[in-house]
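Please go over the structures that come below.
Next come two complexes, and both contain subunit A; in the first it sits with subunit B, in the second with subunit C.
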Partner chain A sequence: MKISDLFVGVKEISVTGPKIIHQFKFCGITINFTETIVIGWIIIAALAIFLKFLTHNMQKVPTKRRQIIAEWIVKTVNDLVEDTMGSKFKYFAPYISTIFAFSIFGSLISMLGLRPMTGDYNVTLTWALMTFILIQGTKIKTNGIGGYFKSFLDPFFVMLPMNVVSEVSTPVSMSFRHFGNIAGGMIISSLLYFALTGVSTAIGLSFPVFAIGIPAALSAYFDLFSGFMQAFIFIMLTMIYISTAADTD
Partner chain B sequence: MNLDFLSIDPGSIIFTLINTLILFLVIKHFLFNPVNKMLEERKDDIADTYNKADIALEKAKEAEAHYNELISGARDESAQIIKNASQKAQQRSEEIINSAKADAAQIRVKAEADIQREKQEAKKEIRSEISEIAVMVASKLVDKEINESDHRRFIDEFIENVGDES
Partner chain C sequence: MELAKAIILGASAIGAGLAMIAGIGPGIGEGYAVGKACESIGRQPESSGKVTKTMFIGCAVAESTGIYGFVVALILLFINPFIDML
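On to the complex of A and B.
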């Protein structure tokens, strides 16, 4: 969905990935620089400016509302991480809030007419892989290298493939869940625009009148609710998996 | 040119990873570090204030105990002082009475001695007057020149004897 679609309507549906802005070869591998990355930069820059605004010139006795908002955000994330993972994992709070902020703003940016970041499978896959590495790292830290490899033979040798699949399925399911929800919403939105444009054209209007207002209700679910839900589910799963990995049995 | 709708692209993964790390640093540096530091400082401040209040309360209690002790000490001391003073006064008054009694006794003894002496002197005077009168009467009666000194001796002897007998 492009901004121009708002004026001429969606005449055809093409389900594609993000636009490639620049392409170059590095060590024989084709590196694609896509619009997802640029959107990521926009989010980072906006968040950096917003957070700098919130936390500059803080006082011990808060007098400004922005400081109270900043403290509320930090306290909420700290409490959530502490409640879910236990106080020994409190240092995960910045990481968790990074994933949450990136995920939610990456989904919500579709409301500005940009392609949602999380509608690119590479993004959710990257985050799921980071979580995967953290899970494996925590397991190794908890059980030691030997205990870590032995846990794959648990309860007996034949279970090895099962255990490997169960480990690998974690990032796959996490990344596909997030990607699928946002990308699905994106496709349904463009299908709806396509249908509404079709209706407008059928009664002889060049401007897609029906595309005004009606998609907003759907957008409230697919962009706002789904974007928030998926971000929340993603961080909750990350926290639960990591803290479960730290359990010694 | 677009990527496929569902594709795994190493470049995108690497750039996303870098983006995520940058956002992590941004959030840590601009949000968590300053706010956590502030919360920590505030916590320390509150703990410090409570500590100070506790110390002040303890000090106040100590001071109260100290002053109570002082007050009770002062009460004892004043009672002691009053007791001492009354004792001393009693002693002093007894002393004064005793010395007055002693003085009175002395004065009485002296007065008695004076009276005794006066009495003696009076006796002596009376005696000499009597002897003079006797000599005068005798010279008138006898009208004769007698040795006055012999006479006086006689009379004196006489009176002495009379006095002894009486």
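On to the complex of A and C.
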């Protein structure tokens, strides 16, 4: 008896990137219109409609429940940003809350059976690059353009490659961390599902009994906890990096 | 040619497995960090919010080496760069 005989009836295991819906050429570059873009726009539209509903027709003294919810959200984010970055960086609150909401819903959409948006490296890399630009911009703003380039030669010029690597590694590690957690959860869930179905088939059951319940517990960890945690870590790291970039020393 | 392909695929699978040994380091490191955080919360329960926040940030940073190993494993498994070199 071959090992593969045990897995009769199990579908071929497939872990793929986001599906390409449409492909078109623009100035010689092939641009892929993927599943991720569609899911991203669904999230944007849903969030926009929800927030519009929360904030339409606001009053000075809130009487409606939805306005109180909206004010609570704004206050929470403002307090978090003020606690972490200090009050002079309060204007970062909209950026932070946007990234947080987009990230958390992008991960949680896997609960609806869609592909998590943050399981696409393009998405997390884009966010990490935005943060990278903000960090470098803040550094230039605090030290001036001369001081910015001089800081790469700190403490002496031999350290130049190290400083460049440490700057570049920030967005790389931030984006890979978020992507790796979500994509890893996706792959481990599908592997476990495959294995449990295989076990059920191996003991001669046509119905995958073992695949009930156990993947749900794993999904609660990987989809709910990990999705929330990674979104929180992403915004915390963004805030910490930006506020340390503004330190003059 | 078939043999070369088979060797590359097998070696890539082994390499992906070996790359995931990188998971040991973050596991030990994060466990140690969480243990220390529990200790300090036990000593000063009023500072639990700050300790938890710092601990999660530290864990996230410590995790990145494991994630790098994982990314290498993913590349070897799904978009094997060595097959095209044949």
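FYI, the second predicted complex is superposed on the first by the 231 of 249 C-alpha atoms of A that agree within 3 Å, B and C clash if a C-alpha of one lies under 4 Å from a C-alpha of the other, contacts with A are read in each partner's own complex, and residues count from 1 in each chain.
Note that a residue touches a chain if its C-beta (ideal position, glycine included) is under 8 Å from a C-beta of that chain, and two chains touch if they have at least 3 such contacts.
Since the structure is predicted, the reported quantities are computational estimates derived from the model, not experimental observations.
Visitor: Is this a clash or a fit when subunit B and subunit C both end up on subunit A?
Guide: Overlaying the two structures gives subunit B and subunit C room side by side.
Visitor: Applying the document's definition of touch, where does A:I240 land relative to subunit B and subunit C: first, second, both, or neither?
Guide: In the superposition, A:I240 contacts subunit C only.
Visitor: Is A:S173 contacted by the first partner subunit B, the second partner subunit C, both or neither?
Guide: A:S173 contacts subunit C only, not subunit B.
Visitor: Where does A:G184 make contact in the superposed view: on subunit B (first), on subunit C (second), on both, or on neither?
Guide: So A:G184 only meets subunit C here.
Visitor: Using the touch definition from the top, say if A:N163 reaches subunit B (first), subunit C (second), both or neither.
Guide: neither
Visitor: So in the superposed three-chain picture, is A:F232 touching just subunit B, just subunit C, both, or none of them (first/second/both/neither)?
Guide: second
Visitor: Quick one: the Cα-centre angle at subunit A between subunit B and subunit C, nearest 10 degrees, please.
Guide: 130
Visitor: According to the stated criteria, A:W41 is in contact with first (subunit B), second (subunit C), both, or neither; which is it?
Guide: A:W41: touches subunit B, not subunit C.
Visitor: Just how close are subunit B and subunit C at their nearest CA atoms in the overlay, in Å?
Guide: Minimum C-alpha separation, subunit B to subunit C: 6 Å.
Visitor: So which bits of subunit A does subunit B touch that subunit C touches too?
Guide: 15, 17, 183
Visitor: Can you name the residues of subunit B that touch subunit A in the complex?
Guide: 1-17, 19-20, 22-24, 26-28, 30-32, 34-36, 38-39, 41-42, 45
Visitor: Would you mind writing out the residues of subunit C in touch with subunit A in their complex?
Guide: Counting only subunit C, the residues touching subunit A are 53, 56-57, 60-61, 63-64, 67-68, 70-71, 74, 78.
Visitor: Which residues, counting only subunit A, touch subunit C once they are in their complex?
Guide: It is residues 15, 17, 173, 176-177, 179-181, 183-184, 187, 229, 232-233, 236-237, 240 of subunit A that touch subunit C.
Visitor: Please output the residues of subunit A touching subunit B within their complex, sorted ascending.
Guide: Result: residues 15-20, 23, 29-34, 36-37, 40-41, 43-44, 47-48, 51-52, 54-55, 58, 60, 67, 70-71, 73-75, 93-95, 97-99, 101-102, 120-123, 125-127, 129-130, 183 of subunit A touch subunit B.
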